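For clarity, chains are labelled A, B and C in written order, and residue numbers in each chain start from 1.
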Amino acid sequence: MRTSTRLAALALLVALVAVFAFIATRPPGVPSPTTGPTSSPAVSPTSAASPSAVADACARDNLETMTAGKLTIGTDNPAFPPYFLPRAGGNTEPWDPAQGDPTTGEGFESAVAYAIADELGFAKEDVTWVVVPFLNAFQPGEKDFDFDINQVTFTEERTAGADLSDGYYFGNQAVVVRADGPFASAKTITELKAAKLGAQVGTTSLATIEEVIQPTQEASVYQSNDDAIEALGNEQIQGIVVDLPTAFFIVNVQTSGNAIVGQIGPDAGADPEHFSVVLEKDSPLTDCVNQAIAALADAGTLEALAEQWLPDKDVPELQP
Amino acid sequence: MRGSRRRSIAIAAVSSVAFLAAIGFAIVNAPGWPRVRDSFFNLEVFAESWPVMLRSFGVNVQLFLIAEVLILGWALVIAVLRSTPGPVFFPIRVLAMVYVDVFRALPGILVIFILGFGVPALRLPGVPRDPFFWAVVALVLLYSAYVSEVYRAGIESVHPSQTAAARSLGLGQLQALRYVVLPQAVRRVIPPLLNDFIGLQKDTVLVSFLGTVDLFNRAQIRQSATFNYTPYLVAALIFLVLTIPLARLTDWLVARDARQRAVTGGVR
Amino acid sequence: MSAGGEALRIEGLHKSFGALEVLRGIDLTVAAHEVVCLIGSSGSGKSTLLRCINLLEPIDAGRVVVEGEDITAPGVEVDRIRRKIGIVFQAFNLFPHMSVLGNVTLAPRKVLKRSRAEAEDEADALLARFGLADKRHEYPDRLSGGQQQRVAIIRALAMRPSVLLLDEVTSALDPELVAEVLDVVRELAAGGMTMLIATHEMGFARDIAHRVGFLDAGRILEQGPPSEILSAPKEPRTRQFLQRIIQAGRL
């Protein structure tokens, strides 16, 4: 290259680098606009600390839902049992006909959702369901649901982008393996370290593999649990980690030849996990939803629903 | 004379810098910019993501190095089969043509799902299940279809008088192809071959759908851990840093080769 | 193998390209060590005839016999025949990606299975004989047209053919380069090489040819010694043709 061209190219390169550095290091000069619709303060001038005023804030007509008088709930499609059961005679659109239909009210999360709706004062007919891909629910940004219920495990990081409610289900991750495979009789985390494990991307299941099990081979990461299950069936991986109710569904209903080898609880050093309902960040509904969940817990409803819809077979805890 | 050239360069440099600065200023002051900046250009996330992402990129690199070698070979076989004259070879020519048509038509992700999940599901004895293996197979099948057409174009661009001269000396059809036509053909199609090679490098991310943690999968994992899109930018940068120098290197190689041997004759 | 000293015999050769019949019954014999020149206007079929002899073009009717062997019979191994017949083209057709040495030694090594050393020794001898020894490592694009054509001839000679076909080998050359190529051909003729030469160079034809054939509209209209054909042709069309050549200053 001639000197003149080389100089020009160099100047251009320097300019590009300077611009990038400039862009990357400038602190936000313009105040960031608030995310979502301008929300009125959760505490109205008259509410202060009086209990009756707080309760009124959660009265149905005061709730700032997306559509007045209606409650919009989100979950992913397909909606898997035992969290959502199929409708006799065929699922309503758009719910995958092979799995569950949230509008039935049957299935653990469907039942819990309608129970929360009822606490908030919404009748069954006032509830609409929308499809929300799992990962989208708690990404930062505007939401098109009032709350989302989808086996979302509470993590501190996820609260950065959304509001997560108090827990409505407390449970552990579990490991599913081939019933005729080399890990079918594993009793400890140490034994599982040698396994090739897999999980869905972005889940606490994956985090459990990396932080609690710490296998010697890198885990496989799939776009969906279905792909992971496929790989397990093909013996491309030797175990998948999913929450316990999902593990039951996989082993008893969805596939054959698999078995739950154990659940990963405090014995193995795992932190206790719970499912939360997801709301938009700083949503005005969060407090009220938490109150509803508290009421359901106190009344024993959550426990009853878990007993009704989730298998209660004892699954041993994996030892370290 | 030299003064005026220096002045032109100076003007070009100043105007480029001014232009870029203007764009930069406009971007930085646009509404919503701070959120974009935090989401995509977050230095902290960049710093903690790029080492682990570069490591995962090793999977992509292995994949395209292995696949590229196999593609260059397999595509040549197909191109030669397709060009072999004579009525007895008709079924082979047709098969080669069908192969090219089929694999140019199919989307890569479809092929990789069929091969990466579907074939292992058959549980045939002796058939590998490793996702990396099937990713290589899928990429080779797909890209050989394109590359064989590039080879064919190269072969057809070599004047028939070259083949005539070679055959007149007593060289067989395959010998003429191997010693006379192909060396000339391949040199001519290096730019389009590079094009396909770059495409291949990008398509190695298909392996992520089979569970293997490559650059793309790692970017997703990082993104969902941080709720930040900067890891995707890191991935983009890694691809740029890989392909752009490769393109310039190839340009240089082709130019040097052209200087060394200009093509002669071949009118009749 | 030669039957009565015949290197090449063509009988009743017909060749058409689609509807156009280019060769309409060619009969020609070339004895061993004989030099036969073919003259005729463009389109008369000279090139086609040569390409048919060397089986680059399939013929429609007739036969070609080389050293007693019918090479147009079905089932003949084309590659083997082509070793016996050398051809040099108007456009040289050297392999641009190989050096001069590479060009000359390719066929001897790959077809005759000579070792590299053997092939290179022979090539060097030929190159030296024709004054191109210092060009052995050059690539074709660095040679003049005359040098390239000489290399093309040497390349054909390296296969030790029984018959050499030369297709207008000087027509693409600048006038000042023609002489060096003709000198090579002259030397080959003096050495007894059997050659069939298509050419426009009448003076050259008169010098080296034992016989000259005038090809007109796909037939050999007349043939005979150069003194006869070039100075006192019998056929009016031959006379016409030569008239034009003389007017063009090429005789």
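The rule is simple: a contact is a pair of C-beta atoms (placed from the backbone, for glycine too) under 8 Å apart; a residue touches a chain by one contact, two chains touch by 3 or more.
The model shown is predicted, which means the values in this text are computed figures rather than measured ones.
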Distance-maximising chain from chain B - centres being C-alpha averages: C
So which chain ends up closest to the centre of the protein, judged by Cα positions averaged per chain? B
Quick one: report the Å distance separating chain A from chain B, using the average Cα coordinate of each chain. 38
As a quick test, compute the distance in whole Å between the mean CA positions of chain B and chain C. 47
Distance between the CA centroids of chain A and chain C (whole Å) is 84
Numbers and ranges of chain A residues touching at least 2 other chains: none
So, in the complex, the side of chain B touching chain C is made of residues 161-162, 164-172, 175, 179-180, 183-184, 187, 260-268
Counting only contacts in the complex, chain C reaches chain B at residues 47, 54, 56, 79-80, 82-83, 85-87, 89-97, 106-107, 110-112, 139-141, 148, 155-156, 159, 172
Any idea which chain A residues touch chain B in the complex? 4, 7-8, 11-12, 15-16, 19, 22-26, 28-30, 32-33, 135, 139-140, 157-158, 160-161, 198, 201-202, 206, 218-223, 227-228, 230-231, 233-237
Chain B residues touching chain A in their complex are 5-6, 9, 12-13, 16-17, 20-21, 23-24, 27-29, 31-35, 37-38, 41, 43, 117, 120-121, 123, 129-131, 208-213, 217, 220-221, 223-227
